[in-house]
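Multiple structures are listed underneath, in structure tokens.
Paired with chain B in one complex and with chain C in the other, chain A is shared by the two complexes that follow.
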Partner chain A sequence: MPVEAIAATSTTTMEITVSKFELLRELTATQGVVERKTTIPILSNYLFEAAGDKLSLTATDLDLSLRTSCVAKVKKEGACTIPARKLHDYVKLLPDADITIKLLENHWVSIRCGRSNTKMVGMARSNFPSLPAFPTAGVVKIPAQVLRGMIAKTGFAIASEESRYTLNGALMVLKPESITMVATDGHRLAHIERGGEKFEGISGEMKTLVPKKAMDELKSLLDATDVEVIEFAKDESTLYFRIGSRLLTSRQLTGQFPNFEAVLPKDNNKSITLHGEELSQAISRVAQFADERSRAVRLKLEKGELKLSASSTETGESEDSLEIDYNGDTLTIGFNAQYIIDFLKAVGAGDVKLELKDPQSAGQLRPADVEEYKYRYIVMPMRI
Partner chain B sequence: MAFSDFHGNAEVIRRLREMLAHQRFPQAVVLAGPTGSGKYTLALMLAKAMNCLSPPTTDGLPDFCGKCSNCLRIAQAEDLEARVAEAVEARENLRETDKKETRLFVQTHPDVLIIPPDPPQLMIKVDQVRRVIETIYYRPGDAKERVYIFTDSAFMKEAANSLLKVLEEPPDFATIFLLAENPGELLPTIRSRSMIVSLAALSVEELESYLVKHRPDWTAKQRALVARLAEGAVGRARSFDLAAYTAARAHALTILNSALRTADHSDLFKITETYRAGVEGREKTERLLRTLYSLLQDLTFLNSGTPDLVRNTDIHPDLKRLAEAADFAWITAAADRLAEVERGMRRNLLRSLSLDAFATAMER
Partner chain C sequence: MVLFLRTIFHVDMDAFFVSVEELFDPELKGKAVVVGGQRNERGVVSAASYEARKFGVHSAMPLRTAAKLCPRAIFVDGHPERYREYSERAYRVLSSFSPLVEMASIDEAYLDMTGTERLHGPPLRAAHNLHQRMKSDTRLNCSIGIGSSRLIAKVSSAKAKPNGVLWVVPGQEARFLAPLDVRDIPGVGKVTEQNLHALGIQRVGDLGRFEDSFLEQHFGKWGLALAGKARGEDAGGWFDNEVGADIDAKSISHEHTYNQDTGNAEQLESTLMRLSEMVGRRLRESGLHARTIQLKLRYKDFTTITRAHTLPAPTQLDTEIFEQARALFRKNWRKGGEVRLLGVHASSFERQPDQGDLLEGARRERWKQALSAADRLRDKFGESSVALASGMKGSFRERIHENPAGLPGKTRKP
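Let's look at the complex of A and B:
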């Protein structure tokens, strides 16, 4: 059946007036979901729907979709689709005034603002994938800032390797009184837990694998919002995050997240406290001379001193040392410098604790001062 | 539309539908068959049957309705050439920097992704396979089953290798179709991970009866000719360009005539001159070479006393005259020589000169 035949059955009117400021704000917020490098029409179009006194706009990359809305004067209710990139680029250049958007025949859309007048061609509304509706039951409220912090502290550890698809997301575990987020790429693992919360509607344990793309998008939405609480829900195939007037949905990833509890070290008995900033600077310096592929640096624990060193046949060798409070046996262990730098960046200022057992066992890093978050970071050692 | 609209290979279709009925459909299927045998049509039909919202049952086996939103959206991909042309155009309109990194896909339904070979090389590229890997583990949204259709078996080496992992253990809700004219072109490791379903060639009688229904505009004689020339492929028979074929055959005959009988070169040069460089010239040359092969085959049939197998029945007298001049040794030599011309085309030899060389070298 030709495309036109389907189009004929969809609604054919829409006319609204919306302020440029409001529209641009929402367009900008959804840009992250719109795909640039695609030849598939549905992925590069917005869906505009006007009803009541509201304009809702939706962008999707099929795995992820973001729906948002703004106040508009609706003259004729209806829906249309508009090429996303061009619209955003164009609206940015318009003066601060009201914009009138009107659906014409054959999916043409006219955009008028002051003395500017533009027409763009969209596509049939029916080609736009149907969007799942926010479930009415099983909605969990999560404090926005808590979630934001947790994503910032774990997101970087998500694997980007294509072959390990269950690691291409973070595991979120909700219990009646705590929330936990875990991410790993098989070489390192970031684990953060926050107790003392109250989650209604949760009994036992609710485990959710949040895809990396959804995490990134969620983070930027949370950065830009001032709402205090977001709503989270899920059904068989979809995850829902409602942030104020914006709704992010993501299809669920399949697969089992690895049993991470088994790798959390339990008897790391050699513990030292370091100044985060100093450690970060020292490692960054030394890492310049590490092997480019492995990025391996050697950490040597001695009485009163931590020696960091790296060497490669091409660039030379480098050593740094930090003063520490340590009285145990000497221990030498290798780590990927980047993994440690990533953690120190995420944890911010303050002291960190490094806990080790022996050169073959995973090391654990965590903030030295006890916070309301239980944050730990496990890094597998390297043989050097 | 329904499975009953698929012409020929009834046994294969029944077996596939039985697998659907018992929910034992393999997760990776190589659909093999010559151009026009209906590989793509069948893959789309199966995608519809898997995802139809109100699946009817015909002959006790699952079918598809062709009317629900899933069927309709999948059906929009039926005209693959047009969809690919749209995608190519969309890519042309992108920014320069994005163009290079954009790969072609056809996706008229969110859960059905069609991966055509990416021009200009016309091969499946690694970025296309990566996208499959990135998206396949997401649960389907509008459908029950995520379907991936690779429309060509020409993979870049890297692309084929990166497909292996996902082919080995796709998620339960995904099915991957690989369409291949020649499954031997696929890596053995890809073949061993998939089930190979072959669409066999149809008999001349079957094709003729099909053409009576679908090409009433042709005369009975034309239909008989096309049915013989289509090499058992429904799609090829249906869209057979008789005019282009006749033109190519006239040229082929002249070339053979000049080699076998007249040795008058002015006609020959007039013809070979028209085979120029560029894409259009390539198609034309390929058509000519295919026609030459089919004429050589017919000559063999005549010489070996099986004239009923001759395909170009309408030019029987011409063929007969040529057959008298050619013996088996000459025909074998000509076929070898033709293969050389083909190889030369791939190396971008001048088309007209290669054809001249072929004709003069085969002169008696």
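Let's look at the complex of A and C:
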């Protein structure tokens, strides 16, 4: 595996000075990647590498790695590892001033700031896993805010259940002029497509399974950035996302994402338009009285009215109703309230369309006014 | 407190498995018989005839030990389906005497006979009739204990054995219990017995000489229950339940002990398939869906691990149970480690509305139909008439025990 070149010739020395503000910003940005309950001690450490006028910080849990950097005064180039959580907690408490970090003997690291002086127990730099390098070819540029929006609108539908392995991520499909993202946990599926883009270097289509953890991390990196375009690349085993000076790498999920196109409903002929906010409030209210485990709520479509209700033997029963423009046959269908609420949260303000067929078939929700995104959400009903 | 006088029967089939085997092979009658497997096999005794018991053979004892104690004994394989069938017949007899029947295990039951005097006559006559009906309908002997509590009924049926009826007249409970060994109280095992002996308590009557608070101090809550039991009351744990009260099953599990330890992955996984099938069948039988699947794995050296996984949606499909059990196995089995016992355990039951599945819905429905059809075949032609292919290598004879721990079982669903 190629290793990103380290300018330092010696790894037994390192001495730098960095501003607390800069360092803390990068420490905070990488906390999510540091392994919490690891059996491999080195993974709870940062790798610090100093070269030129830059300090690079790397955190990894082997599945996911994040490499970032900040400006530093480098007195001696070199590298060291420092316990990540402890360092973060400590630096937070330091005054706003310059911090001097120096590698001592036996992998100990000295942290000095004003009148504060600490020596932390590090580990040998050579123990830190080597990370794959960003590929030089096949790099695709994706608008940061487009990707961010797509993750926000699909990420919640990813399965947290480990046994359905290929559902533990979202499928991203890049075509020369469109990007699509799909996520499902087997009960519901979120699908978003955006056309009118230009992706250079893509011919045909490029399908990638992005693991849930990478999606979450990517989302928070995108939330915190003002770069307009990110760079995406992949090789056989690894996905790379470069967001400004930060590089997120993730192990690829192997396996076949299910054939989602087969489950997209085609003949849901009972359609109603609802105000998203009102629907969300009504469902949240009745869901208070739903069975705690199943979270089942009943939706009854009648002429001019949508009745929502839930009941459980322990808490009682609750009903709400919304005025709708509907003239078709009466239809009663059950859904997990949380699944509907998740979508309404992601879709944002505005009207939504609910399209149904019968009590056994999947329902479809989507924004009523289609903009540049094509966004749809498919939910399997519950037997009630 | 008992507010009105109860009449509880405890009906216990005499040497149930052996008696059933005798019906199929009359030659066994009057001989030392051990049910559970062959004399040189690994595994334990499911049941022993009274003649074999004279040599010290008892259930849950290793077969090889039994063979040493009683070399002349005839060893026969167990036939769980026969015992279930006869248990069923016994249940039908019992439920014609009282609507409140609780099968405590495959071969014993409690009946609440309170208020049936006008229908069945006084307790002893009712018991006599029941005893005869049992014999004529099932050709099996049973013993009946009658008392004002489950505890008294249970203890007196043990004293009535074999083939007898014993009624402890209300008011005489403490006098009946006093001379008995403390071990005769259900729930007192080796350890409690030793602890009681250490306090100089040998007989049930000795317990009465101590204050309840003293017993509580020494044995905690169980001490209080013990004090109550010594007076003949139903106290503590399961004895607090009404006869026939609905105690839902909390878990369903099946285990298999190998005749020869094995480290063969294929064979082990095949056994898991077979066990998963058995668990799935019982889930479907009871109309339950399990959310938690647990694997039990015992190595050659008896180190035992249990690992559980909770599913996002409850299941009753053999294939899904197997998938979980196998995943747990692959994650936790020490590669090549020789395994003595495997078990699959399902719990966290739900009967609730089903969440439809977007991707697997049709496939699950087909499996469900196929497995229900397989269940019907098994009902008709026996357990081994149909099996999933991957479980074929893992097929084994099901073992069954006559209540080996002497603990009451679960409610029998009519």
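Keep in mind that, in the parts below, the second predicted complex is superposed on the first by the 373 of 384 C-alpha atoms of A that agree within 3 Å, B and C clash if a C-alpha of one lies under 4 Å from a C-alpha of the other, contacts with A are read in each partner's own complex, and residues count from 1 in each chain.
Here is the rule we use: a contact is a pair of C-beta atoms (placed from the backbone, for glycine too) under 8 Å apart; a residue touches a chain by one contact, two chains touch by 3 or more.
None of these values were measured; they are calculated from a predicted model.
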Original post:
In the superposed model on chain A, is it clash or fit for chain B and chain C?
Top reply: clash
**OP:** In the overlay, answer first, second, both or neither for which of chain B and chain C A:63 touches.
**Re:** first
Original post:
Just chain B (first), just chain C (second), both, or neither: which does A:252 touch?
Top reply: first
**OP:** In the overlay, answer first, second, both or neither for which of chain B and chain C A:291 touches.
**Re:** second
Original post:
Is A:184 contacted by the first partner chain B, the second partner chain C, both or neither?
Top reply: second
**OP:** For A:266, decide between first (touching chain B), second (touching chain C), both and neither.
**Re:** neither
Original post:
Once the shared chain is lined up, is A:362 touching chain B (first), chain C (second), both, or neither of them?
Top reply: second
**OP:** Take the contacts of chain A with chain B and those with chain C, and give the residues found in both.
**Re:** 163
Original post:
Once bound in the complex, which stretches of chain A touch chain B?
Top reply: 1, 3, 6, 36-43, 62-63, 126-127, 129-130, 132, 162-163, 165-166, 168, 211, 236-238, 251-255
Subject >> chain A-touching residues of chain B, taken from the complex the two chains share >> reply: 69, 72-73, 75-76, 86-88, 90-91, 94, 98, 101-108, 110, 130, 133-135, 137-142, 162, 165, 171-173
Original post:
Contact residues on chain A for chain C in the complex?
Top reply: 159-161, 163, 184-189, 258, 260, 263, 291, 293-294, 296, 334, 336, 360, 362, 378, 380-384
**OP:** Quick one: which bits of chain C touch chain A in the complex? Just the residue numbers, please.
**Re:** 309, 311-313, 323-324, 327, 350, 352-361
